[in-house]
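First subunit A sits with subunit B, and in the next complex the same chain sits with subunit C.
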Partner chain A sequence: MAEEKDAADSLVSDLQKRITEAFEVFDHESNKTVDVREIGTIIRSLGCCPTEGELHDMLAEVEEEEPTGYIRFEKFSPMMTKVLLERRYRPISEDILLRAFEVLDEKKKGFLTKDELVKYMTEEGEPFTQEEMEEMISASVDPDKNIVPYKEYAAMMVVEDY
Partner chain B sequence: MGCGTSVKTEYQGKKSEKAIKAAVLIQRWYRFYMARLEMRRRYTLNIFQSIEYAEEQAQLQLSNFFTFMIDHYAQMNNQHQGPDLISDIINSSKDGKKKLMAYETIEVPDSYDGPRLSFPLSVSDTNTLLHAFKQEKHLHARYVLQLFNEVKKFLKQMPNIVHLTTSFAKQITICGDLHGKLDDLLLIFYKNGLPSTENSYLFNGDFVDRGKNSVEILVILFAFLLVYPNNLHLNRGNHEDPIMNLRYGFTKEVMQKYRVHAKSILHLLEDIYSQLPLATIIDSKVLVLHGGIANTTDLDFLTSIERSKYKSALKPPRSNSERNNLIHKGNVLPIDGCKASESLDRPIGSSIHEVQHFPDKCLSSQMFSSSLQHSGGLPEEFRNGGILEIKYLHPSIPMPEMTPELTDTEQKEWKQVVDILWSDPRNQNGCSPNSFRGGGCYFGPDVTKKFLDRYNLEMLIRSHECKQEGYELGHNGRIITIFSASNYYDEGSNRGAYLKLCPDLIPRFVQYQVSKCTRKLTLHQRINAVEDSALRALQEQFFAHRSDLMKAFKEFDPNDTGKISISDWASALEAVLHLDLPWRTLRSRLTRLASDGSVEYMSCFDDLHIGKSIKEVQPSLVETLYRYKADLEIIFNIIDKDHSGLISIDEFHQTWKLFTSHLHISIDDSTIDDLAHSIDSNKDGSIDFNEFLEAFRVVHKFEDKSHYAKT
Partner chain C sequence: MASDVLSRTPPAMLASPQPLQSPPGSVGRPLKLSPMKMLPSIDSMKMLEPGRKKLTSIETQRVVAVLDETIKKLELVSLFQHAIENLDRYSVVFGSVLTGALREHMRLQDNMQRHLQRVKSGEDESSFQQETLNMAARAQVHLEALRQGVESSVRNTLRLFLTNPTACQALRSEGNVRDQASQTLIHFLSELRAFLFEMLLTSPLEKNERMRYLQEITLRDHKNRGVLLALEEELNAAVLDRDNEIAKKNEIIRQLKINLHQLETFSENQVKRTVQEAENQQKSDCRASEGKIAKLQQELQQLRSQLNATIAENREIELSLRKKKYKVETEIENWIQKYDSDMGEKQAELEELDGMYVEEKAQLAELQEKLAVLEVEYVQIMEERRQAQLRKEEEEKELANMNRAATIIQAHWKGYRVRQSMKSKKKKKKKGKGAGGKGKKSKK
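This part shows the complex of A and B:
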C-alpha cells in the first residue's frame, strides 16, 4: 500500500517538474507568469493534443477573473497535473490522422491539391489563421507539382519526440 | 467557427460533417506538431546560450591566468626570453610604438591583386573595399596598418561619451553585435544603404571574434569612419579586448591572415580598442552602450575618466612593475568553489576568506616540483564543478582586498567601465553580480528607471545578448537589446536586426537572416538542423564531464542497475553541469528510456567517442584535456613564439603542470610524461600541438539521427 502511494506521489511530483520546466521556457520575466497566447504551446508541448475549442475550456479554468493577458503558474500547474494524470487530450493515433486526409481526398488521388488543402483548412474545421496556413503550405506542398503528398506530411507530423 | 451546415441537404450535411471532423483533426495535429517545434526552437537557443556563458566565465578566469603564466613562465625560463606576443598584447610595450610607424616601409608587391587604398580615403576606397571583400580578397597588411593608424589618431580626439543628434541626417541606424560576420554587415548595407551624409550609423560594439571576417569588418567600419566621421559612430564592446580576442578567435584570424605583420596589427588594435568611445547619447534622450548599467553607473564620472588606460577591461589598469608586485603578493584572481547564487547574500568577509585559499597554493614555488600527489581522481572542488566559477569582477568583493595598489578612484573607474561593457538586464528588481557570465551586473527595471530618470533619458539601447528575433524590449519598453549577427550560434539559430531612430525617437526595427541555401527550408528542417547542432554541443559537455556525471548517476543507482529515474537523471545533470536547462523536456533527445520508464543513463554517452584513442593516459586525463582544449590551445600559442605549431616536450610538460596546478587538478608527473611521449610520435622531442588538440575532438558516431524525419 505504502509503496503504491509512494509511486503515485513520485509520479505526480515528476509530472509537476515537467510542467514547471515547460512553463519556465516561456516565463520570460521569471515571475511565474506566461503570456496567455503561449499557453497553447506549453500544453501541447507537454503531450496534449486538444482542439482549439478544448484549449479554450482549459484556459477558462486558469484565467484570472479579470483577464490580465497572463496566466499564473499556481493556477496552471494543478489544472495541467490533473489533465496529464487523467491522460486527457491524448494524441489520436497516426492512422487516424492519415484517414482524415483520405476523407478529404474524395477522389482517392493519393494527394490533395494545394487549393483543396487551403479550402478545407480555412473553410471547414476551426478558424485557421493566414500565418498557420502559410506555414502549413510551406511544409506540406511539393513546390514542383503543387500538391500535398499527405502520406509523407502526416508521417512528418507524428514523429514521436516528447 | 466555420461550420455553416444549415442549408445543406442531408447527404451533403453528412459529407460535410465528415470533412469538418477530418479538418479539425488535421488542425489539431498541426497545432500539436507546431507547439512541439516551437518548444524545440526555444530550448535550442537556451542550450547555446547557457554553454556560451559558462565558457565566458571560464574565460574571465583564464584572462588572469595568462598574465600569471606569462610572468611565471618567463621566470622559470630565465635563459629564454619570455614569450613575447601575448605579453606584448597584454602590456603596452615601448617598442610597440616604434613598430607602429613601420607601415611606410612595407612594400606592396606588384603581384598583389587585392584592394589598394589611397589616403586620405574617399568613397571610391570604401567601394573598392566592399567589392574586394565580397570576392573574399584580403587587404594588404600595409594598408591595414595605415588605416588603423589613421583611425587611432582619429579616435584619440573623441570623447568617452559621444553626443549625436538626429536633426541633421534625419535618421540614425543602430546595429548590435556583428562578431566577424561579414555577410550580416553587407546585408545591412544592402537593405539600409551605405553610410553617407544622409545615412548615419552607430555600431554598438562586438565587431570582432567568433566569425571568420573580423578583420574585414573592422577595415570596412574604420574606412567609413574616416570618410564620414560625422555619420559613422562606434561604441566599444566587451569583445574589443585583446584578452577576449585570444580566446574567441580574432587573434588567430589576424595571425592566419597576416603572418608577418600580425603583431603590429594586434598592437595597434589594442590602442584603438582603448580609444573607442564607451557610449553614445542621441538627442540627449537615448543612451546607447554595449552591455548595460549598474546601480552605481555614473555618466558624469564616465565622461571624465581616461579611457585609454583600459586596453583590456579584464584586468585592472596598472603598470608592469606594479603587476609583478601584485602577483608576488599572491593577488591573482580569486577563485572559489561556491555557486554564485549562494554567494549573493553572503557577508563579504566570508567570501574573501574562501577566495584566498587557492592562489597561495597556486603560487607556491613548489608548483614545479613533483609534489603534486596522485589522488587517482579529481579534487573535491573540481568534482563539484565549481572551480571555474569566479569572483574576479564580483562587486560584492571590495576591490582593495584584491588590488591594493589601486586607489579608490581607480577601482571605481575600472568597475564603471566593466559594468557598461558586460552587464545584462534582468526582470527582477535590483542590481546583482552577473554570476552567469562572470563579469558586470544584472540590473532590474528599477535600476533602469532610476538611472534614466536621473539623467533625463527616455531609453537605453544595448546589445551584448543574442536574441532569437534579433531584438527585444524590456523594462517597460525603456530598454532595447539589438543584436545584428544572424545565425550567431549556428545556421538558423536566430535572426539579426537593426533599428532606426528618427527625430521622433520611436525605434523602428528591421529583421533579417543571412541564408546560404538557395532553397527555402521549411521551419521543420531549419529547427531540426539547428537543434542538432545544439544537442551536439550539449553532448560535448557530457563528454567533458563524463566522470563527474557517472559519479552523480551512480549515487542514484546504488545497486548498479544502469537505470535511474528521470528526476534523478535531471538532478544529476544539473548538479554537475549547472546549465539551467529543461532537462526533462530534452530527455528524449539525449538518452534512452528502459521499458519501465527509467533512464538508461549510460546511453547519454552512446554517440560519443574521442577521435583518436590515447590509450596510455588515464580516462580522466583525456576528459580534462578535452574540457580545456580551447584554453590549452591559447597557452600553446603563447609558448610557440615562431608559430610553427611545434613546442618542445619540456615546454609541453611545464605548461601542462602549470595549468593543472592552476586549476587545482592533481595529476602525477609520470602521467604527464607518458602523455607527452605518447604524442611525440616521431620521438624528435617536439610536439605538434594542433594535431594533438585535434585528437581531442569529440566524434559524433551517428551524425544523422534516424529519429529525425527528413522531408
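This part shows the complex of A and C:
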C-alpha cells in the first residue's frame, strides 16, 4: 500500500513537474499566467490530442469568471493533473487514424488527392483556417503526384513517445 | 325350565346305577348255585336217617316198649283230674270199683293239698318259735305218708283202668282237657322216645361217621356264613355307595334347583325391572310425544292461519295483477296497432332509402375505380420518398463519419504540429527561447 501510494505520489509530482515546465514555456511575464490562446498548445505539448470542442470545454473550466484573456497556473495545474491521471484525450493508435483517412477516401484508392484533403479539412469537422491548411499541405502532400499517401502520413502523425 | 332339569336328571341317575347293579349280581350268584347244593343236602338227609328201619335186638325193643307204656300211663294219669271232676258222667262206664278208687284218690289229693297249704302258711307266720319247728318236723313225716298214699292210689287206679279197656277208651277220647304242665311233659316224653328210638337204630360206627359229616357241614356252614358276611358287607358297601351316589345326585339336583330358583327370581326381577323401565320410558316418551304433538298442532294451526292469510293476500295481489295485466294487454294492443302503422310508414321510407342507397353504391364503385388508380400512384410516390429519406440518412451518417474522421485527423494534425514545433523550439531553446515562442505565436 505504502509503495503504491509512494508510486502514486511520485507519479503525481512527476506530472506536476512536467505541467509546470510546459506552463513556464508560455509564461512570458513569469507571473504564473498564460494567454488563453496558448492553452491548447500547452495541453497538446503534454501529449494530449483534444478536438477544438473538447479544448473549449477545458478552457471553460479553467477560465476566470470574468474573462481576462489569461489563465492562471493555480487553476490550470489541478485540471491538467486530473486529465493526465485519468488519461483523457489520449492520442489514438495508428490504425484508427488510418481508418479515419479511409473514411475520407471514398473510392478506396489508398490515397487522397490534394483537392480532396483541402475540401474535407476546410469543410468538414472543425474546419482549418487557410493558414493551417497550407501548413498541412506543405507537410503532407507529395509535390510530384499532388496526392496524400495517408498511410505513411498516419504513421508519422502518431505520437511516438507516449 | 324346572321340569327340564328334573327330566334331565334321571338319565344321569340311570347312567350311574351300572356299578350299583353289579354287587347284587355277585350276591345273586350264590343264590343261583343253591339248587346245586340242594342235591348234597338231600343226600345228607338220607345220611342222617338211621341205617335200619326196625330195631333188631330184643333189649332195645323192650326199652322202647317200656317208654311207650310209660307215656300211655302218663296220659291216663294226667286225665285223672278230669275224670274226678266229671265222675257222675263216667260212673256208668267206669264201674263201681274204679269210681271208688278215684274217690279215694281225690280224698288223698285233697288232704295233701290242705297239708301243703298249712305248711306254707305256718312257715309264713312263725318261723322263730320252737313249736313251729316241731310242727314242721311232724308235718314232714305226715307229708311223707300222704305222698306214699297218693302214689299207691295212682298205681291202684291205673291198674284198675288197665283192666277196664272201655273206661280207658272213654277217658282217652277226652284227650284235649289235660292241664298245660302234663301236656308238656307228655310231649317231651314222646320226643325222648323218638330220639331214643333213633339212637337205638344207629350203630356207633355210623354215629361217628354222622358226627364227622355234621362237623363238615358245620364247617361248610361256617365258611358259607363267612362268605355270606363278606357278601353282605359288599352289598352294604354297594348300597352305601349307591346311597352316597344318590345323595350326591340329590345334592346336585338340589343345587341345580337352587340355581334354577335363583335364575328364576333373577330373571323375574330383571323382567320386572325391564318392564318397569320400559313403562317409564314409554310414559316419558308418551309425555314427550304429547308435548311435541301439541307443539306441532299449534305450529300447524299457526301455519294454517298464515297460509290462509297468504292465500288471501295473494288473491288480492292476483286480482290487482289481473287488472294490471288487462290494462297492459290493451296497451300492448294499442302499441301493436301503432307499431304496425309505424312499420308501414317505415317500410315505405326504407324502400325509398334503399333506392337511394343503390344509386349511391353505383357512384361509390365508380369512385373506387378512380381511387385504385390514384392509390398506385400514391404508393409509387411514397416509395420514392422513403428511398430519398434513406439516402439522405445515409448521406448524413456518412457526413457525420467524415466529420468525425476529419476532426480526428485535424486534432492529431494539430497535436503533431505542436509537438514538431516544440521539438524545434527545444532545439532553438539551446540557442534562444524567446524566438521559438514568438514564431509559434505568429503562426497561430
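In the analysis below, the second predicted complex is superposed on the first by the 159 of 162 C-alpha atoms of A that agree within 3 Å, B and C clash if a C-alpha of one lies under 4 Å from a C-alpha of the other, contacts with A are read in each partner's own complex, and residues count from 1 in each chain.
Note that contacts are C-beta pairs under 8 Å (C-beta built on N, C-alpha and C of every residue); 3 or more make two chains touch, one makes a residue touch a chain.
None of the values given here were measured: they were computed from a predicted structure.
Visitor: Taking subunit A as the common reference, can subunit B and subunit C both be placed on it without clashing, or not? Answer clash or fit.
Guide: clash
Visitor: Between subunit B (first) and subunit C (second), which does A:79 come into contact with in this model arrangement: first, second, both, or neither?
Guide: After superposing on A, A:79 lies clear of both subunit B and subunit C.
Visitor: Of the two partner chains, subunit B (first) and subunit C (second), which one does A:131 touch, if any: first, second, both, or neither?
Guide: Only subunit C is touched by A:131; subunit B is not.
Visitor: Quick one: is A:37 in contact with subunit B, with subunit C, with both, or with neither? Answer first, second, both or neither.
Guide: Second partner only.
Visitor: Touching A:157 in the superposition: subunit B (first), subunit C (second), both, neither?
Guide: both
Visitor: Thinking of the overlay built on chain A, is A:59 touched by subunit B (first), by subunit C (second), by both, or by neither?
Guide: neither
Visitor: According to the contact criterion defined above, which of subunit B and subunit C contacts more residues of subunit A?
Guide: Between subunit B and subunit C, B touches the greater number of residues in subunit A.
Visitor: Pick out the shared contact residues on subunit A: the ones touching subunit B in one complex and subunit C in the other.
Guide: On subunit A, the overlap between the subunit B and subunit C contacts is residues 25-26, 28, 40-41, 44-45, 48-52, 91-92, 96-97, 99-101, 103-104, 120-121, 124-126, 128, 132, 135-136, 139, 156-159.
Visitor: Under the definition above, what is the set of subunit A residues touching subunit B in their complex?
Guide: The contact residues of subunit A facing subunit B are 10, 13-14, 17-18, 21-22, 24-26, 28-31, 40-45, 48-53, 91-92, 96-97, 99-101, 103-104, 120-128, 132, 135-136, 138-139, 152, 154-162.
Visitor: Touching residues of subunit A toward subunit C in the complex: what are they?
Guide: 25-26, 28, 37-38, 40-41, 44-45, 48-52, 91-92, 96-97, 99-101, 103-104, 120-121, 124-126, 128, 131-132, 135-136, 139, 156-159
Visitor: In the complex, go through subunit C and note every residue touching subunit A.
Guide: By the definition above, subunit C touches subunit A via 399, 401-419, 422, 425, 433, 437, 440-441, 443-444.
Visitor: Which bits of subunit B are touching subunit A when the two form their complex?
Guide: Listed in rising order, the residues are 1-3, 16, 18-36, 38-40, 42-43, 46, 426-428, 520, 522-524, 565-567, 570, 582-585, 588-589, 707-709, 711.
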